[in-house]
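Common to both upcoming complexes is subunit A, partnered first by subunit B, then by subunit C.
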Partner chain A sequence: MAYEVIRTNRTRFFLLSLMFLTLISLLAIVSLSIGSSAIPPFKALKCLLGVECYEPVRLVLGFRITRTIASILVGCMLAVAGVLVQGITRNPLADPFILGISSTALATLSIALLIDVSILAQRQLSIAIALGGAFLGYILTTSIGVLAGGTGFSLVLSGIAVSALFSGVSHVLLYILQDRFRHPYINLLMGSTSGVLERDIPYLTVPALLSLLALYLLRIPKALNAYLFGEHHASQLGYRVKLTTITSAFIASLLTGASVAVVGIVGFIGLAGPHISRMLYGTSDHRVTIVLSALAGSALAISADIVARLITLFSTRGELPLGVITSIIGAPFLAYLVIKGGRR
Partner chain B sequence: MRIELRNVSFSYDSVKAVDKVSLEVDSGKTFCFVGPNGSGKTTLLKLVASLIRPKEGVIYLDGKDLKTFDINEIAKTLSYSDPHLPRTLPARVIDFILTSRYPFHKAFQYFESKDDLELVDFLSRELKISHLLDRRLDQLSSGELQRVVIAAALAKKPKVLLLDEPSAFLDIRYRFEVMDIVKKYVAKYGATSIVALHDINIASLYCDTVALLNKGKIVACGPPSDVFSSKVVEEVYGVKVEIIQVGSYYVAFPLPNYRDQQHT
Partner chain C sequence: MVARNVALTLVVALMMLAAGFGVGTYLAGGTATTAIITEIKTTTVVFTERITELTTVVMPEARISVVDALGREITFDKPPTRVVSLAPSITEMLFALGLQDRIVGVTSHCNYPPEVQQLVSKGDITIIGGFWTPDLEKIVSLRPDLVIGSAGTPPHLRLKESLEQAGIKVFYIKATAAINKYDVYSDIRVLAKIFRVEIAAEELVNRIEVDMEFVEKSIPKDVKPKVLVLLGPPAWGLYSAGGNTFISWLITTAGGVNIAAKFTGWPMLDYEFILSHDPDVIIVSAMGSNYTILSKEIAETPLAQTKAFKTGRVYLVDQEANDILVRPGPRLGLALRMLASILFPDTFGEPKVPTVYRISEGTDSITSAGSTIRLSTVGTTTHEVVTI
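Up next, the complex of A and B:
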């Protein structure tokens, strides 16, 4: 019985991963062909494979490849950050955006920019600052949550307070600084891949890979599985609970901080990614859901980016931020989860 | 494994939960804590499980101070089952039981081995939960969950089994079955079990030694028939306890006080 159950799961894990990878590839091709100048998917694919490629097509594709990769990476990073914060708070409503971690990351970055605006060009430094802000935000939100009674809902309410405060602060600071930016400052507040350059990609890739490697080497997935069944259960299995939660929070902060520093605040992917993966897989085993969430997050981010660009086609006023789309898709999803959680 | 507590005390902030408790449990024996709510049963289990450290006194496992054990060694030797499982994120029975095998995995083993699964199969047959393995934890009845919790505790093949209220929420049949399984396990593997029980009826049938706790202190300790026939039990609980001989068993029955008044 146990063997059959586990074998079915492994097969399901494999098939779901395959499905997501196919979906992401298809979406990537669509993403490459959509924009102010449409390139037929077939032509884009041919150019990509190096079969036949004309110069203008190559140029346009270059930009689009960059932003497509950026949205894949950001989606993956936020979704993994989402699984981690959901795991350590054991709260299905947790997400870097809802817990205010993204907002504190941007607020700290904005304060740093107020002191020296050139920091935005120094990616390493701005990621480090955003990481610090994200981690402080996590501590702030969880502390208020504990003071408010330590329930799942008090954590979410405390996150909303922190998020609102620091989004406001970031908005004011970025508003003051707006003349010194190349891009509209709203892009940082609502997240956009339109300003991402090819040289920015490593600043997403490196934190993403480092985090995944750290998760594997520190055996965080199993530790989170044990923690799922309570602090005592985890510690009697030999896990250092405090160390596990702090390390996971730190990794989630790095993932959130890096994506905020490069593309700005994109909400709800960290909520939806893990939920979609758990719904499809049927359970919370972190060894599988971290991988599936990363894939689901990428698929979501890339779809939202496509939608943002489709809407932009009907306007001459510049690009719609990515975070707007994820909010419109994500917020009803949150409402659904709240209703489901409240009924139980 | 022989367990010994010497003058162990513990307090939560300033409230004394365990007060200078000394006791000894030999291998292959089932030792039970009984006592009213808040008498220190769970705290004592947590102390032995090394989840909390004594403020005073020493706990010995086979003569070795518990403090000197490595965290992974403890994880492999002791099993403590917490009956209060958080169930906010969806997880299935099999996922839960399999977490107990983690301490035995090789350094970078990602998934469980075939042996792990065979052990789970064996335990779930014993505890009659095979049909529940792919069910979600939040869909179980409290009796089913209790058996799952015990399966998870046994999945470590522990030398020391610490159970908190294993018979709670179970119907009469499973109450006996679960205790039978615990006894059988203890006898078969030469393990030691310490069990916190509310049900003095079950305690009188299954425990080799019973320690009656009141306000963090052991007020009576010995074979169940001795402890339950003493006046101390009636004083601690504030109810009458009658010992009845059924076949070769001495069974303790708590009786409400008003009955006594009606008879006289």
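Up next, the complex of A and C:
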């Protein structure tokens, strides 16, 4: 490549990945050894290492493993979706929810609940419905975006329109619903891994694997690198701009939709994950930043999940939503990187 | 230069951490509040009576002022005649005090006593919206001289200014913010003060007290079952009731232990917390969802690993039963009796309220009264609702 910006640096990449992997493994161990039950951490570790394992510990460890896996996957998925959305829109402020997926998912779920309250009791069904809603949102956003010219810019604007419309609609629906349930239901789709079950995990792994596979098979990272210099430039280099935009948006929607359906809306990761990886790596080569963002997002999500559980242990409140915690943990680090990057 | 950079970044990072911590603790609602509130015996309502000595005797409708749950002193020249109730428990109290002819507006959730619905269909009482969604215009158009709201319900508090602007008196009682029987009693007494029906109030309080004592004296003292309350199906999120809630007080009074008592408000739990406390009894608010589907779903969650599920002591409460449990009102004695029979069916018999369902494993039929949802075996899809 002829451009300075996307010069690769293999050593740095491997070092950074190694660092992130170590960090994630350490966090995972911490995450597996603490939780809301009073099991001493070393007992949990013993059980994990297979030294000695009693039935209640094994059971509890099972939940912790599920939560840990879910948070790692969600962090990774949202961060990758963030890279894609920021890439196609060339806007550093874009996050995966800008495509309007979460609000259509919420609206669809509320409509479904209005039709049959029993859906509330069926986790698998509500996950499927939310996923369907996210997909509808993608179709809507893309069709408006394509009608408006199919550029990244038009996609963002149509995403904003769709999300504004549907968050309005879903709030109206929730207003009606809250009256029917006799409880204030502001918590629908609030991000938390506390209710994730083992059988929900495939809803995360399958989209994550498929998307990563599709990304690299379709050579989207390279195309996004060309995007950095504008869509004209990319088409001059022989990339099919519209197609790449739509495919990337689709992959981003799939990733976001799946994580919203299973865990709920978790903010900040999709925005900050890509920035953290770019700043640490030094350039915006998407072939690298996608991987690094995934790792950074996972680390962020898993630490947020740990903090959420610690708060339950030491306060009189129950668990807090993940999105609140991700920003509290991630923002200082991001600020540090911004200062460091600005000085260079 | 490098040192300055490092120092600067450190300072910024520290500041952001501090800010983050501040926001965090703010959101966490303060870290060091006491966890369990069992009984608070102080009543915060103060009556101040300004009656001149002579008029007390000759004028029964003297000017009185009463302090409401927000600490505001409100003066009444005469007992109100057109009243709007913003909460089902307030409606229940007004009816229990014999004040039904004063009520002009209730919420769509006010369904007890059954007379309410008759009066609504006859047109004597108007629906002014839902409990969470009261409609200001409808309230104003009824020209009430008093609106009674719940101090624990934000939409009611938001109505204050606009109602006062319209020249309508609004009075708050604890209602949904009540956390024990003393709060309920003081609510009843305050209402009685306003309407000058103190004797009826004392009778009502006595009746509730007798009801409660009747249950309380039979509660076994040697065992204290651990209880988990879930607000809504588990798929919705594991929301439970903290130690400072009415339902938690009911559980404690009925001889149980609320496993979420260390929290406040309506905390979200996780399966690890529930399993490590291994509740003996689980009470799930069904929120109108299909009981068979809900039972099947519960059987598939980790809740099936609890002692409660294994011994067939998961109860679904819906509609009437749910109302009784969550409304701090005149049906307090009934609520206690229902919970006592859920916690100690051997002593009190199965719950008599028709909308309490018990999920049970195995095909052996349950001989006691009440309705049972039987799961023939865990994991299979055939479930049936059996009403005995």
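Rule of thumb we're sticking to: the second predicted complex is superposed on the first by the 220 of 344 C-alpha atoms of A that agree within 3 Å, B and C clash if a C-alpha of one lies under 4 Å from a C-alpha of the other, contacts with A are read in each partner's own complex, and residues count from 1 in each chain.
As a working rule, a residue touches a chain if its C-beta (ideal position, glycine included) is under 8 Å from a C-beta of that chain, and two chains touch if they have at least 3 such contacts.
Keep in mind that what you see is a predicted model, and the values were worked out from it rather than measured.
When the two complexes are overlaid, the chain among subunit B and subunit C that reaches more residues of subunit A is C.
When the two complexes are overlaid on their common chain A, residue A:R64 makes contact with subunit C while staying clear of subunit B. Using the contact criterion defined above for the overlaid structures, shared-chain residue A:G318 touches subunit C, although it does not reach subunit B. In the overlay built on the shared chain, the residue A:K242 is in contact with neither subunit B nor subunit C.
Once the two complexes are overlaid on the shared chain, A:G230 sits against subunit B while remaining clear of subunit C.
When the two structures are aligned on the shared chain, A:R90 is found in touch with subunit B, with no touch to subunit C. The part of subunit B that touches subunit A in the complex is made up of residues 46, 49-51, 71-72, 74-76, 78-80, 82, 84-86, 88-92, 94-96, 99-100, 102-103, 105, 108, 110-112, 114, 117-118, 120-121, 124, 130, 133-134, 136, 138.
Taken together, the subunit A residues at the contact with subunit C in this complex read 35-39, 56, 59-60, 63-64, 67, 117-123, 126, 175, 178-184, 187, 190, 192, 194-195, 197, 309, 311-312, 314-320, 324-325, 328-329, 331-333, 335-336, 339-340, 343. Chain contact summary for the complex, subunit C toward subunit A: residues 5, 8-9, 12-13, 16-17, 20-21, 23-24, 27-29, 31, 33, 35, 108-109, 130-133, 231-240, 242-243, 260, 262-273, 275-277, 286-290, 293-294, 297, 301-302, 305, 326.
Note for the complex: subunit A touches subunit B at residues 1-3, 5-6, 10, 86-87, 90-92, 152, 219, 222, 225-226, 228-230, 232-233, 235-238, 240, 278, 282-285, 287, 344.
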